[in-house]
Amino acid sequence: MSSVVLASVSLENVLVIGALLFSIGLYVSLSKRNAVGILMGVELMLNAVNVTFLAFSRYVESPRPLDGQVFAMFVIAIAAAEAAVALALAVAVYRHRETVNIDEIDLLRW
Amino acid sequence: MPIKSEPVEVNIGPQHPSTHGVFRMVARIDGERVTDVKMVVGYLHRSMEKLAEERTYTQNIPFTDRMDYLAAMTGNLGYCLSVEKLAGIDVPERAQYLRTMFSELQRVASHCMATGAFINDCGAWQTPVMYTFRDREKVLDLFEMTCGARITTNYMRIGGVAFDIPDEFLPALDWLVNDDLPARFEELENLIVGNEIILMRSRDVGVVTPEMAINASLSGPMLRSAGIAWDIRKADPYCVYDRMNFEIPVGYNGDSYDRMVIRIEEMKQSLRIIRQCMAELPDGPHKVDVPLALRPPAGEAYSRVESPKGELGFYVVSDGGPAPYRWHVRAPSLINLSVLPQMTIGQSIADAIVTLGSIDINVGEVDR
Amino acid sequence: MPHPATVTLPGTAVAERLGAALPGAVREAFAEHVVLEPASLFAAMAFMRDDPELDAKYLVQMCSVDMITRIDVVYHLASLARNHIFEVKVPADHERPAVASVAPLWIGATLQEREVYDLMGVAFEGHPELTRLFLWDKFPGHPLRKDFMSLPGGQKSGLSQFPKQAPGQTGGEFRPRDAGAGAP
Amino acid sequence: MTGALLTIITDNWWDIRDLSNLSGAIRDLVSDAGGPGWLVYVVAGLLGAAGIVTFVGVTAIINIWIERRVVGRMQSRLGPNRPGPVGLLQPLADAIKLMQKEVLQPKLADALVFTAAPIAFTVPGIAVLAVVPWGRNMTLASLDAGIVFIFAMSSLAALAVFIGGYGSNNKYALFGSMRVIAMLVTYEIPIVMSLLGIAMFAGTMNLDGIVRFQEDHWLFLIMLQPLAFVIYFMSSSAELNRTPADLAEAESEIAGGYHVEYSGMKFGLYYAAELINCVTVSAIIATLFLGGWWAYKLDEIVPGWMIYIGKVYAVYFLFIWTRGTLPRFRIDQLLAFAWKWMTPMALVNVLMVAAEVLIWEETGWSAGVLLPIYVVLNNALALALIVAWVRVFAPRFERFPDRPRFYSTIDVPSLPAVAPVQPGTQSQ
Amino acid sequence: MIDDAGVVVAFWVIAVSTVVCALMVAAVRNLVHAVLFLALTFVGVAGIYIVLAADFVALVQVLIYAGAVGVLMTFAIMLTPAADRRNSETIFQAPAAVLAGLVLAIVTFVAYDTEWRISGRDAFPATAASLGEAFLKPYVVPFEVVSVLLMTAMIGAIVLTREEGDDV
């Protein structure tokens, strides 16, 4: 098993995983037609950011290493609030337009 | 802009645990609210009224057991009374007392079943049903002691009762009526009627106004719960009811809770009647013999009896032949159902089930 | 104190009360029941229900009887306040029976009229939803009619297939055939 | 090698209460045998998990029997007594029957979700038991945020129920699962609030720490926090959708709830999962409120885990008791009850606890003096709160409202004739 | 540097499965399946947090993301029955993929290029207590602001989806 190369998990490895998650999230949020799909992308991106925060708090030298985790907690809280409002928006739009496909929601006024 | 949720059509029955038999209610619900109710009956239709035209008057008696199979005694009694009225037969004293006693015992058994099933619909999973069924078993054992059958008793004959009561019947009945059942009813009342959740689930559920009750020709506990003091045993006394002093319980606002409380009170009044009957039970023949192929004079007769479900009437038309020309039964369960849509529309689906349980229908009687 | 027993109003009393208000509504009056003209059925029923004297607010029961030449629709009406009951009959044609519906007057009548339509075939005009109550929609014919069994291909009914009298004997006592001692 | 093994279990075989921390003991064993470090955690984890899963499996079987016998006894009937000496083999018979039953799957149900649902429903229930202290050092994973782990696992159940309801593509199932999710989400708040009080008093969220707090201060936390116990018990019985809140599979209403389409062993898993969740909640209540494996002087004599399992079954009896007697709430009554009664009471409880802990920290009096005062204070306050709340807010229900009137003769008021209202046009 | 073999294996297993689940969210056709895979991703990410010695944050992640946001998404889908449930893409699919690839490339290059000041310390001990301290001592203002934000978000969501008829 190529354990020699991967004998240890370095900061770069975790950052790559974070970047991967972020790019998938970006792709999903940009390419999905359904509003809920876009929200999923946004959630993935936020998770990726959290992973990088915690990686830095674990690896990087700093006077207060726990700040990374505090930030991650704030990100989680805000993401939950944002998801709630966004989904409420989607439902409100659905109620007027009978659809949540963003292609069809282009009028500024209805 | 209301949330456009398309109404869902839900089938309650015919194989549904809480519809007391093969009765199907098609409810259109929007979320929890019931918006439309359609009743589908006929799964148990045996066309007894057609069959009765082919059999002699005595052969028709077993039909009356199988109509309201939870109150066979009152079914037999109603039919025998109408034929006796048609043929002008008068029944010996002892038979009349026995008939009164057994129809009151049948009322206790039927109301036990109704109360237990109603609480079960409210959700108390099986516990109160077991208690009420245990009491009902004792009454059925007494039936078995006298006429050999527990449910389809076939006990009454035209002109009296089939068998006289065995010697050990009265002591057993005395124990049941004086020592055992009053305590059981007390227990039932405390366990259930004072229960907060039952109060919450059945207050103001399935409300019937007095005017609507009369207009929809409801009868029995349904009518009395709406606040109308009407009972055939008092209004049109048959057998020896005019010699009994008892009271009829009447509710206030016609909701499921009142119906349940009335049924429990009626059971207590039935015990009172049975005690008086036992005290005044005369000796003498239990039956006047009537020719097997009785040929009543041509004509018609309508007589009615207060069965546990309501006013059970028999309209018999005779053309002088051995078999009735036309034999129609006024089924209280069917007529009490005519007001179900008015009671359930606008309420939640859970309340519709509770309302149906409180009406206490018997599908054998609805479909005949 | 004397228990009140339900008084059965004689047909004549009802007919006279009804005749005064709606002349021509009553076809004839018998001791037990009164026969109404089918045409003025709804008006008569409405009057009987709202009349303070008759006060027939409670429709006890309704059914139909097949009288071979006609089909009688029988109503039992009662007043709970006055504790009296009386019977009303309406004749209808035997082949295509049609009678005005009283469902708009009493809710209780809705299901009972559907039953009469289902089993006897009496069409009730004005009934909110006249469909079969017990049988399925495509059931051929109406079972409670006396001629139901004589449908093409229908079996003979039970008792009526035995001769009412032994051959060659008219009325009087039945004389058993001489069995001839032990003849096979 | 075997010598080392024996040191884990003390000389007298029955007394395994000295089984020190599971992974610690095994680490010595494995390190003696010269294994790599990480292997220790894997082995300890597997052993612990195996122990807990067998406990869960055995309890699920026994509970089926206990529940049916006890509820039978309450209904003055016998309960299962045919198979086995006193019906003991009945759960086995049920299990075998369920196993050999064919597992039906509706044609339009999507397979992935349909099979994932029962598993997703069972796993969180069992996972919580990993955090629970069975004996003095017998905790599989003594997370220092144990209580948050319990919340996390119970919130996963909401998603699992939805998967079940949506997967089986059945109107009743979806209806049932929507009701359950509404209930779970509503009742999560009172649960979190009530356990907050416990964490504040004990000063730690680690379940071991909480038990040690109760041991040091010589009292059960139920005495300090009666209100939290009442709230937690009621909201967890709603969370487990047991009577009086078994809305989901309210047979008399929508027959079957979210597991209506399941049959065979999948339904068996749902049925077992409900029992396991119930045992898990009982275990949590036993640990947090009734002092886990510690019972005054008793745990010197009797092994800790025996006391603990006894307490778990005592709490489990409470759940059976409510299931046996209480009728069911309607969904809107249930949710109103949660918002209008449970959450405010939980908030008041948290404020009370915060004040008391603050006084305890600031004044520095010894616990021996302060805690008895708190016990009396809390109980009195809880009682007062409940009575006041019921008196003020609960709708007016006297015990026997308006007894029916009694007439000796018929008396019918002459009422106006009412024009019959056709259905559908009624009071909308 | 985490060099304990067991943890490394654990990390790679969890990381790969999380990325696969995230890919499934993009690829799977049915929207409800997408939400379920999203929930799985959240749990996977919680696993990564544990490897990075942030156990309290992992538990909160499971509680809030997998528990609440997952259910929120399913409710949103259920409340929009008529909308199409296909997880279909818009015309920006290709440019989105290119952009995502670009971002990935840049971040990985930066990650490997800069030399981070890696500290040699070991994993944190239990973090719950110290996190609590952090929230109430240095970060008390943001903590209060977030609670206000959550309140406004809740009220906003309710106002948006409330109908006239509802009796709140």
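Brief remarks follow.
First chain written, first letter: the chains are A, B, C, D and E, and each begins at residue 1.
Everything below uses one rule, namely that a residue touches a chain if its C-beta (ideal position, glycine included) is under 8 Å from a C-beta of that chain, and two chains touch if they have at least 3 such contacts.
What you see is a predicted model, and the numbers here were worked out from it, not measured in a lab.
Summarising the inter-chain layout, the chain whose CA centre lies farthest from the centre of subunit D is C. Summed over C-beta pairs in contact, the chain pair with the top total is A-E. With centres taken as mean C-alpha coordinates, the chain found closest to the middle of all protein C-alpha atoms is D. If you average the Cα atoms of subunit C and of subunit E, the two centres end up 76 Å apart. Separation between the centroids of subunit A and subunit B, computed from CA atoms only, is 66 Å.
Distance between chain centres (mean CA atoms), subunit B to subunit C: 25 Å.
If you average the Cα atoms of subunit A and of subunit D, the two centres end up 34 Å apart.
Under the contact definition stated at the top, the residues of subunit D that touch 2 or more other chains are 409-410, 412-413, 415, 417, 420-421. Shared interface positions of subunit B, defined as residues touching 2 or more other chains, are 1, 3-4, 212, 214-216, 228, 230, 234-235, 342. Residue positions 3-4, 57, 80, 83, 106-107 of subunit C each touch two or more of the other chains.
Residue ranges of subunit C in contact with subunit B, taken from their complex: 3-6, 32, 57-61, 63, 65-66, 74, 76, 80, 83, 87, 106-112, 115, 119, 132-136, 143-144, 148, 157-159. If you check the complex, the residues on subunit D that touch subunit C are 409-410, 412-415, 417, 419-422. Of all residues in subunit E, those touching subunit D in their complex are 4-7, 30, 32-33, 36, 39, 55-56, 59-60, 62-63, 66-68, 70-71, 74-75, 78, 126, 128-129. Interface residues of subunit D facing subunit E in the complex, by the touch rule stated above, are 36-39, 41-42, 110, 112-113, 116, 143-145, 148-149, 151-152, 155-156, 158-159, 162-163, 166, 178, 181, 185, 188, 204-206. Listing the residues of subunit A that touch subunit E in their complex gives 3, 6-28, 30-34, 36-37, 39-40, 43-44, 47, 50-51, 54-55, 57-62, 64-67, 69-70, 72-74, 76-85, 87-92, 94, 98-103.
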